[in-house]
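Two complexes come next, and they have one chain in common, chain A, joined by chain B in the first and chain C in the second.
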Partner chain A sequence: MTKPRTGYIRPLDLKNGQVDMTHGSGGRAMAQLIEELFLTAFDNEYLRQMNDQASFQIPAGRMVMATDSHVVSPLFFPGGDIGCLSVHGTINDVAMAGAVPLYLSASFILEEGFPLADLARIVESMANASRQAGVPIVTGDTKVVERNKGDGVFITTTGVGIVPHGVNISGDLARPGDAIIVSGTVGDHGVAILSVRENLSFGTSIQSDTAALHGLVAAMVAAVPGIHVLRDPTRGGLATTLNEIARQSGVGMMLRETNLPIRTEVRAACEFLGLDPLYSANEGKLVVICRQEDADALLEAMRTHPLGQDAALIGEVIEDDHHFVQMETAFGGRRIVDWLTGEQLPRIC
Partner chain B sequence: MKYIDEFRDGQLAQKLAADIRREARSDRAYGLMEFCGGHTHAIFRYGVQGLLPDNINMIHGPGCPVCVLPIGRVDSAIELAYRPNVILCTYGDMLRVPGSNRVSLLKAKAGGADVRMIYSSADALKIAQENPDKQVVFFAIGFETTTPPTAVAILQAATMDLANFSVFSNHVLTPAAISAIMGSGEARVDGVVGPAHVSTVIGSRPYELFAEQYHMPVVIAGFEPLDVMQAILMLVRQLNEGRAEVENEFSRAVTRDGNLKAQAMVAEVFELRKTFEWRGLGWVPDSGLQIREKYVAYDAEKRFELPYQSVADHPACECSAIIRGVKKPLDCKVFGTVCTPDNPIGSCMVSSEGACAAYYTYGRYKESR
Partner chain C sequence: MTKPRTGYIRPLDLKNGQVDMTHGSGGRAMAQLIEELFLTAFDNEYLRQMNDQASFQIPAGRMVMATDSHVVSPLFFPGGDIGCLSVHGTINDVAMAGAVPLYLSASFILEEGFPLADLARIVESMANASRQAGVPIVTGDTKVVERNKGDGVFITTTGVGIVPHGVNISGDLARPGDAIIVSGTVGDHGVAILSVRENLSFGTSIQSDTAALHGLVAAMVAAVPGIHVLRDPTRGGLATTLNEIARQSGVGMMLRETNLPIRTEVRAACEFLGLDPLYSANEGKLVVICRQEDADALLEAMRTHPLGQDAALIGEVIEDDHHFVQMETAFGGRRIVDWLTGEQLPRIC
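Up next, the complex of A and B:
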């Protein structure tokens, strides 16, 4: 890690200081924030060049690019924070094309008065996530908005990656007869966030599942290069993601409720609040659709990876002109698993 | 999950369904009204109707707190929210219910009104404490289940002498609504699946009067699917035997007298309104609660001199008839076309416990085949 330049009279007060308007003004204070906080944490050869852009060679092949803005409340939650989430989220968006993520950018919108100590914590978390994933943050930006015009910190990350030859994964490739698999328990992140929401805190041991999934994807693509669809079911949860894919591919889906991996604590919390775990967000899970004959090999490959240990076959793609996602319930009935309308809200009584 | 999974056992459901099929006489029809939106939700979510014989017709009643609130009351809340210096707090589903001209509290919020979604009445109190220079109004809705927490909030505000907190009370009473439906004779109801959570507060005793008066069997049931099916079986048995009694399937939570402490708190703070307008049922005497004179300082209707104007439903919307059990969602011309959960015309499409939303979410595949 490079040492910060010593050109400033006083170092940033990362313990008690606050973001102020000068940190976004383009002047010396902003340079100091970038050098002493961002560059120190994210340190890599591209950032060290101190240009407004990162310049790098690209391998031949199909490039993918994804961007994602993160506005999480609260900023720190069980199992993670907005920092690592912003890294994992974009890596996952890139990886869901079957791609190998290469580089990230990070853009911060900071609110005047935001504690520098919290910012440092978030940046450190991003740096760790980026380092662990092996995907460097190579360029970035910082803006400051006046007090009450932001929500502490917003982070936008953009990622680029390369798709290996022979891989063609897209949301419109689900076909009737295909198997639907999830990589693990669903709904964990949403419940972890709810558990620490102001006015709604309840005791639970549930941690966010936030994680970078590109390693798992690489293992899956190696085992079954002909995967049809990959997607990470984030906001709106598994139900919304499957509805998106069903519409994109012009197919229906039939899920089996008894096969869905859901933690008991998540089920209990959702039961208590009148919510449905199928609509609860995930940040470290993926759903994959492949030919039925590839399902066993794919499941085996997934289960050997730490992030896919609880992978489960949850249903199959069917023909349906209405593009409905349905579920055979544990109760023996059948119901639609519809799009989420608005936000999931706890019941009134 | 203990105490949950036992009530969702698929094998038990099949056995119960077989019992119902065996005992339901083929020479008659059974019109059973589930009063509570919670039951409507359970019936659709678990596909209970599909397990019943064709001659058992489940009629969806008015027991969804969001569905029964008339447009005029929504308009009053929106008007209040737009007043300067007012923070209007309410439960989530209320935000999306359209008032006149399809303006909802959510749209008012986007238009600059200070509207806050809360999870409990205590949240509204907290917001009032944190904003002493604002008037914080709790837009209180619901049946007997949500009334005690509102009473507690008012009692706490009085204890704290909180001058910037008030309640816009729209609390309504279940037995009055059931009586209104029975009295109108419009819906062909042979038996009632009695409310779950409401009955934990008021007990089973209040239903005895109209079981007798209308010779109507009532079985109070929990919200789990097996609870509902067991209640249906019990109603079929009562009807076959010509009985009209109040039976309690939900004995694990409901007693004959209910929660006396909660009832006492409600009685301390609230009194009966002479009449209250319901969507679908019109003006129903002794069916709503207003804040007693003793706590008038916390009554938003008085503090803000809120006028009330009755507003007719959208002409194409059949919510009123659906709430009365006279029509089904599919009888409505705008169901699923102009009126969807994302763009509701009527209140029954808003709440997840509304009959139209339940039909739309869980039932439309079956209907489309």
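Up next, the complex of A and C:
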């Protein structure tokens, strides 16, 4: 790589500077932003190729590819920010095929006037998340739009990964009798975002659970290679994710409310706000469906991982031509856990 | 794939409907938008997996990955729209490594209130571009932001492809003595966008050159496997791209102005607007640098392809510690073709 020649203009003012339209024009200012901010933070051998694409060796096999745009508001929230969220979110989508995530791309749409200090903080958070996960950001893009045509920063990440031989995980593989397990408490991310957006203070601090789940998934696949379904219940929460799977697999589900792990403070916040934690987004949790006889081994493997300590068996897959997700309530009744119809929380991720 | 169950709500009103916040919420309205619009248009076996990631078999070898966000304004312009542009742009970034593009992802950031009819038109254009190129859109994402927090639609595409064995193309491989070739007329896309934005009419119709270049690249690589550098001169135009390469390879360049293919109407429009066609974006052109002795074979291969008919030898790589791109002008003088410093045209792609 040629040493960046950025001495010809003043260094970026990462303290008081702002994004302006020249940062998206393809010229010198854009090259400077990329070199002084993105390349410096994400530094790796692939980005150093300095081409419009990254290049890497891959083994033959089954690859997965996943993409997510992130528009979360506010950009900074308890437990994370749009930067680490955009890394975790796409790593998790790749991992939910049982795959080992290998590489990420990141594309930024910046609003004119956005403080460079905030951008630097976000980029640093992405870089940390990427390093901790061991999944490098190998290529990217930057665009700038005028004031009031964007909202600070939107980040689209795409990931690729390789599925280990013999692993075949898909949303259409849930079978009646299968066990339904969740990796931990549900609803944290959505409630964390809403609390800060509504400027609520409950005397407790509810943090987003944003985290990369590929390490947990690797431990799970090692323990039970024959996992049927894996999915991260993000937008729409656990309820929506289970309805998607029920429909895809052509089955029903029966949950047990008393088994659902929900933090006390999340439950309290939800009651206060009129929300249902089953529909509140998660960014560091997964749902797994496996044969009943594999459930104990899987739960044990999950509980020995830091991100699966609160793993719980929450129900089972049943036959149902209507593909309903039902729940035995704490009071002994039953209710349908339907799709989220409207909007619970906009711009949650 | 389970048959989509969209009968439970009214079908999308693709004629008079608008994007609303529920289309990004993860619930039923989002599922409906995805099924009735995106899945219907992009239909392929990978999307039909209905998982949060696509899965496909790949051979061992060298893979490339490229990503681009598209924020072009206006969304529809002579010769194309943001939809086909977002497919072509990323296919081209993958192809510029000499790679065969295999799969694309597409992520949408929609503004509340955006007409569904416009979205459908854009999605159809993407689907057509993808089909014509033979590169399927295998996974995606949709987010919605409030009015005045976006601008209609932004589309981020990411592509992966495989580099044929023995091909090694990179921006740092230009060597003194190498030939510099451009695949056709320069500046068309930028001028087409500006003409419509400024509501200009020159009595001629300048069209964007947006096109997928991987077929041309395959023909070129077949003729001359030892190509040194390939790049598509998009934002910042030919001048900026050549400066990038000069810096990356640590060389200079000498262009011949009289050899530059520029449409008469583009030249006229540029004079009228005070633009330089060398800095005007292209979306269906490439620059290639190869050994002087390979230039004739490469030009012949290019000119037999529909997208390379106007290919021209425009200069050569020279030694220069300053990495200047220079041009012998039509009048016999020389001038430096510098980096674009500020903003020529915002939101050109």
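What we mean here is this: the second predicted complex is superposed on the first by the 330 of 349 C-alpha atoms of A that agree within 3 Å, B and C clash if a C-alpha of one lies under 4 Å from a C-alpha of the other, contacts with A are read in each partner's own complex, and residues count from 1 in each chain.
Criterion: a contact is a pair of C-beta atoms (placed from the backbone, for glycine too) under 8 Å apart; a residue touches a chain by one contact, two chains touch by 3 or more.
Bear in mind the structure is a predicted one, so any value in this text is a computation, not a measurement.
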Inset, instruction - Please indicate which partner A:Gly308 is in contact with in the superposed arrangement: first for chain B, second for chain C, both, or neither. - result: neither
Inset, instruction - May I ask you to decide whether A:Glu146 touches chain B, chain C, both, or neither, giving the answer as first, second, both or neither? - result: second
Inset, instruction - Based on the superposed arrangement, let me know which partner A:Gly284 touches: chain B (first), chain C (second), both, or neither? - result: neither
Legend entry - Which of chain B and chain C A:Gly187 touches, first, second, both or neither: neither
Inset, instruction - In the overlay, work out which of chain B or chain C sits against more residues of chain A. - result: C
Inset, instruction - Report for A:Gly79: first if it touches chain B alone, second if chain C alone, otherwise both or neither. - result: neither
Inset, instruction - Check the residue A:Phe331 against both partner chains and state whether it touches chain B (first), chain C (second), both, or neither. - result: first
Legend entry - Doubly contacted residues of chain A, that is, touched by chain B and again by chain C: 341-343, 345-347
Legend entry - chain A contact footprint on chain C (complex, rising order): 1-2, 5, 21-22, 24-31, 49-71, 93-94, 96-97, 99, 103, 105-109, 138-146, 148-151, 154, 156, 158, 160, 163, 170-172, 231-232, 234-237, 240, 244, 247-250, 281, 323, 339-347
Inset, instruction - Give every residue of chain A touching chain B within the complex, in rising order. - result: 199-200, 264, 267-268, 271, 274, 322, 324, 326, 329-336, 338, 341-343, 345-349
Legend entry - Contacting residues of chain B [partner chain A, same complex]: 1, 4, 8, 10, 13-14, 38, 44-48, 50-51, 65-66, 91-93, 96, 117-120, 123, 126, 141-143, 145-146, 197-198, 225, 341-342, 351-353, 360-365, 368
